[in-house]
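Lettered A, B, C, D, E and F in written order, each chain numbered from 1.
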Amino acid sequence: MRPYGRALNALRPVEIIPGASAYAEGSCLIKFGGTHVLCAASVEEAVPAWLRGKGQGWVTAEYGMLPRATHQRTRREAAQGKQSGRTLEIQRLIGRSLRAVTDLKALGERQVTVDCDVIQADGGTRTAAITGAFVALKLACRYLVEEGVLERDPVYGQVAAVSCGLVAGTARLDLEYEEDRVAEADANFVLDAAGGVIEIQMTAEDKPVPEAAFMELLALAKAGIADLCAMQGKALGS
Amino acid sequence: MRPYGRALNALRPVEIIPGASAYAEGSCLIKFGGTHVLCAASVEEAVPAWLRGKGQGWVTAEYGMLPRATHQRTRREAAQGKQSGRTLEIQRLIGRSLRAVTDLKALGERQVTVDCDVIQADGGTRTAAITGAFVALKLACRYLVEEGVLERDPVYGQVAAVSCGLVAGTARLDLEYEEDRVAEADANFVLDAAGGVIEIQMTAEDKPVPEAAFMELLALAKAGIADLCAMQGKALGS
Amino acid sequence: MRPYGRALNALRPVEIIPGASAYAEGSCLIKFGGTHVLCAASVEEAVPAWLRGKGQGWVTAEYGMLPRATHQRTRREAAQGKQSGRTLEIQRLIGRSLRAVTDLKALGERQVTVDCDVIQADGGTRTAAITGAFVALKLACRYLVEEGVLERDPVYGQVAAVSCGLVAGTARLDLEYEEDRVAEADANFVLDAAGGVIEIQMTAEDKPVPEAAFMELLALAKAGIADLCAMQGKALGS
Amino acid sequence: MRPYGRALNALRPVEIIPGASAYAEGSCLIKFGGTHVLCAASVEEAVPAWLRGKGQGWVTAEYGMLPRATHQRTRREAAQGKQSGRTLEIQRLIGRSLRAVTDLKALGERQVTVDCDVIQADGGTRTAAITGAFVALKLACRYLVEEGVLERDPVYGQVAAVSCGLVAGTARLDLEYEEDRVAEADANFVLDAAGGVIEIQMTAEDKPVPEAAFMELLALAKAGIADLCAMQGKALGS
Amino acid sequence: MRPYGRALNALRPVEIIPGASAYAEGSCLIKFGGTHVLCAASVEEAVPAWLRGKGQGWVTAEYGMLPRATHQRTRREAAQGKQSGRTLEIQRLIGRSLRAVTDLKALGERQVTVDCDVIQADGGTRTAAITGAFVALKLACRYLVEEGVLERDPVYGQVAAVSCGLVAGTARLDLEYEEDRVAEADANFVLDAAGGVIEIQMTAEDKPVPEAAFMELLALAKAGIADLCAMQGKALGS
Amino acid sequence: MRPYGRALNALRPVEIIPGASAYAEGSCLIKFGGTHVLCAASVEEAVPAWLRGKGQGWVTAEYGMLPRATHQRTRREAAQGKQSGRTLEIQRLIGRSLRAVTDLKALGERQVTVDCDVIQADGGTRTAAITGAFVALKLACRYLVEEGVLERDPVYGQVAAVSCGLVAGTARLDLEYEEDRVAEADANFVLDAAGGVIEIQMTAEDKPVPEAAFMELLALAKAGIADLCAMQGKALGS
């Protein structure tokens, strides 16, 4: 039996609290069980230097983790003087996922940066971050429309993400830390509300895994992401 | 009239929520009005290299601020590759304040690191951090005693902190951001429960201020810190 | 018609030249068309600090690109003072891929570092690097067996990698730079000789792509990797 | 008895040698006993980016210490790749102190940087630096007036600084290194010639100290700074 | 007898392969025996900020070494976060050598960067790099003339370089690694085709060497560089 | 006529003040006209990690320049986060020069670090630094002998250095800044008291120079260094 008494194909209890940041143009606190991520979207009326004058905007993300978000304290990246390869990898992934559902020309020459900061980590922080970042981005764009800055919402799609893994040969949805630690394979899926593929990443931990196992993980993810999209919709009041 | 309808010598509403972190040996979320700081104490069974073999422990602190804790987004220190002078200054201050009420020999050869991460910032983040860090440290040491690691609590004193400032020539307790922005002088006081002085820092913003004004700020701080100590006591259930 | 007159499901001309480095314990120069990567495996009789005393070895990789390997000169990472997120991501991927076919206990307390340096880049550098790194690692381990350092070869599997992509809605194997630049989706597959999955990464560029398209890419990759494994075998003289 | 045969409320022998740098627009070598600091003010006809177009100037300071200024050699910050928290704290303090007596609008869109480099350190380097930096700044501004660049001197006040401390329960003025090492509390005062407060910093070393002790330190500082202001005046020939 | 059966005043077998890079405006692979350096010249239609608007161009060089170019693996500079003092010294030397034979005004407001990357190292990498970098620069400028960007070739001279050393008291030309390791003195000469001096660097390893020994090294170098200039001419087809 | 009314083959007025640092084991302030360098030798009872257990010591040097040592302020290296290529080059040169006259085995397993800090710069800082560093090293070793740490002085030779240059086609000894700025060639010579060669560096500025010119510079240097050695001897009281 898995913690929370859940089935192999069940998500952990998910909670999305919009407006969790007092100052951000769009924000939410998202919880996948014991994994809590604060997602805050900031709008800036300028684009990075390499995009200037091209008549389009940019959406990007930054990812961080509080040192004691984890079971054991991890070193603070700011004190170490650099972001780890893992951090850079995750924030690039979040940014790509958001841009895949945004019309950057419709955004105009402005940038939205979504900060995803892990307050507490119990597995699946990157997929929770993507799912929450979408809500924060959507709220920020809605704010820009309400303020009259934009005529229409440039976010035309809906994106969510979930992790799956093989534990003791069995496919499971939405791994928590204790499962992730012993998984034979770990996969992250980023899909849109219609099941379109935005990003797939699968890693075998110790040795190769059969293609059929990968297919099982993909099937679990599709169902899980459909549920997450419904929860995003509810949090967005639509 | 000040926001929250408070008097010049009143604190903002203060809330201290112990146990806010699922994994830390001691923690709290502290709120001074709109300023929210998560304080998490981590115990490590080792001391820094320069203290090895000296038969004593160490207490230190790290400070950080989420990029969108502030009205305008600030750049992420991890992405910039270094902690700012302001950050280093604050975390050194927190560490000194905690060590001033701790018997490092009684702690034994172990280190407690208190991470103070500002989730939302509305002025006074360093004084809120010190006040909350004390609670986190105390809870971590209590845990060490309960676990039988330590025979007695090495934290023999109680420390809290508050900011005061001169706004339009008038002394005020516990400035929030909009007051701080226009203050002629800004001071931080770190005192113990008996009014003993641990740290005083006063800075005139534009031009020197009279000594009498400084004395008024000190008087406000003493009363405010007495109140904060009471609230710490309540949060600690003592 | 694609350059080299090749079909949509054809690899570019592949060449694997073993022993390309005069000093490395194992090495090859691998060419996927205009993409040339020098792979050199170095054996060190020590493991990283976090592995000491655990009775096992480690296999890791580093990736770099000469500044003028590319159509336009890119800035030298050593001069910039850090490796890019892309570089870190790629070298982590190469390392994981090699470890998935290696028995680290059988390697003993030593480390093999495989340096993959791109001399010329025309798309698919990371998949060429993985395919060549396997050959370099295998040769280094064979050398350790011949020298009597190891009793048996700790590399028990065979790994190769290829990229695939959707260009104008059509799935293609082994993209070169001009194709990659305009692809709607870009995927990297790392499989073993038996078709077991080691790593899958797919990224949609602008908008989500149908699951069926992903399946086509996977099918192309399986055939391409089988061919690459045969070429590795030939280069290894087995 | 204290070294130099001085009383508890006496400064060490102080010497201020104006014009110690051949090239700087204003400079002095200041000695507080065995503590020697070279202060050199450089004028630049530009302000930092964030101040451009605001019709005002900027005064800032940098602080450094020669590696063998100290009893034991300390590591060179340039070789370590960063300035320590202590260095950043001190140079921020010097800059604030100077700005508190300068009319930045009257300075016009130019910047004065005062480099304070410790040639020899025997306690109290930051207070000697502030006291000398004022002289260097004043000389640089006088030069700008003499050259016709400025119509009037933008430095309207006079600032000096001194350290005080509690040693064996007794308040002492202007600690040297051997006293500082054993002090129970250490304070730095930055006042203007009229006794106005610019900056106060007090730190208890091991445990809290009574408020009355702090008041004694403040009284000592006021007298000491009045003497230092007289010596600055003499060095400036006014 | 020296390796390659060569006399004390003989160069190692030298090979210069022009056009070794597919994309660079000018390039060659140069081999001095077992030392192989890839030299690639990149033209950029802009000059560094400090040269803008001065009506002249710039020629600069960067130097790197693959980690396993050497007998033992060396650490990757990009991973260490900085270029070593040795690397900086060498690339400054290459740049100065090239500028000494180039009319920077005739180059116009553009920059040529010559990347010298050591693929394999067996002593004398910096002198091989200078000799090859000249060929790459010359080819790039010829390309600019052919493309009509420049009216005439701004490279008016010819530069080559060689190392010499004292081994067991005897002067030798063009040291390889095993000789260099035991040399009593090591010198690098950069001369033009007419024997004009561009750069001389001599270093005694353990103790001073007689002036006469230095003169012998200089004589060897003059003859060796004349030969290298002839080989450059042949590679350039002139 | 040159400044100081000196002839083409004359040194600037030279002054060597031994014992200029209160704490260093050996030190001097050396002046070559307007160039002033503080040289301080620090003894440490340990060697760098790579030398441990080899039964020998190490002599090394670090070089720095105060930001306003120069006519125009230069940026502080500590604030920039790294030492420039020029700084690294110079400190490596000083260290090599000192080691060339020291018996490292006789020094035992200890390290002497000579800090050379330029207080004022008017050309020739590196040669003044070498000449002064020798005096500081010698005094430190004499101290070690007097203290009974060493039985005999491990510094068996004597080293000094001077710059020479071609200005308007004429060879000159010991260039100052205004001459250096316009020189056609610039050379630094490091010789021992007997004229033995330790290091020679010559750089043509714009175009190659005749070998004969180099020979003139060498002749000037030999005479100048003989004079400098005499002055070192006097400063050392021998």
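Basically, contacts are C-beta pairs under 8 Å (C-beta built on N, C-alpha and C of every residue); 3 or more make two chains touch, one makes a residue touch a chain.
Values in this document were obtained by computation on a predicted structure and should not be read as measured data.
**Q** Need the graph distance between subunit D and subunit E over the touch network, please.
**A** The fewest touching-chain steps linking subunit D to subunit E number 2.
**Q** Calculate how many whole Å lie between the centre of subunit D and the centre of subunit F, each centre taken as the average of the chain's C-alpha atoms.
**A** Centre-to-centre distance between subunit D and subunit F: 33 Å.
**Q** Quick check: how many Å separate the C-alpha centres of subunit B and subunit C?
**A** 50
**Q** At what distance in angstrom does the C-alpha mean of subunit D lie from that of subunit C?
**A** Inter-chain centre distance comes to 59 Å.
**Q** Two or more other chains touching the same residue: where does that happen in subunit A?
**A** Residue numbers touching two or more other chains: 81-82.
**Q** Round the ring starting with subunit E, subunit F following: which chains, in what order?
**A** In ring order, starting at subunit E and going to subunit F first, we get E, F, D, B, A, C.
**Q** Would you tell me which residues of subunit D are touching subunit B in their complex?
**A** Interface residues on the subunit D side: 82, 85, 88-89, 91-92, 96, 100-101, 157, 185, 187, 191-192, 194-211, 213-214, 218.
**Q** Could you list, by residue number, the parts of subunit A that touch subunit B in their complex?
**A** 21-24, 27, 34, 38, 40, 42, 44, 62, 64, 66-71, 73, 76-83, 87, 113, 115, 117, 119-120, 122
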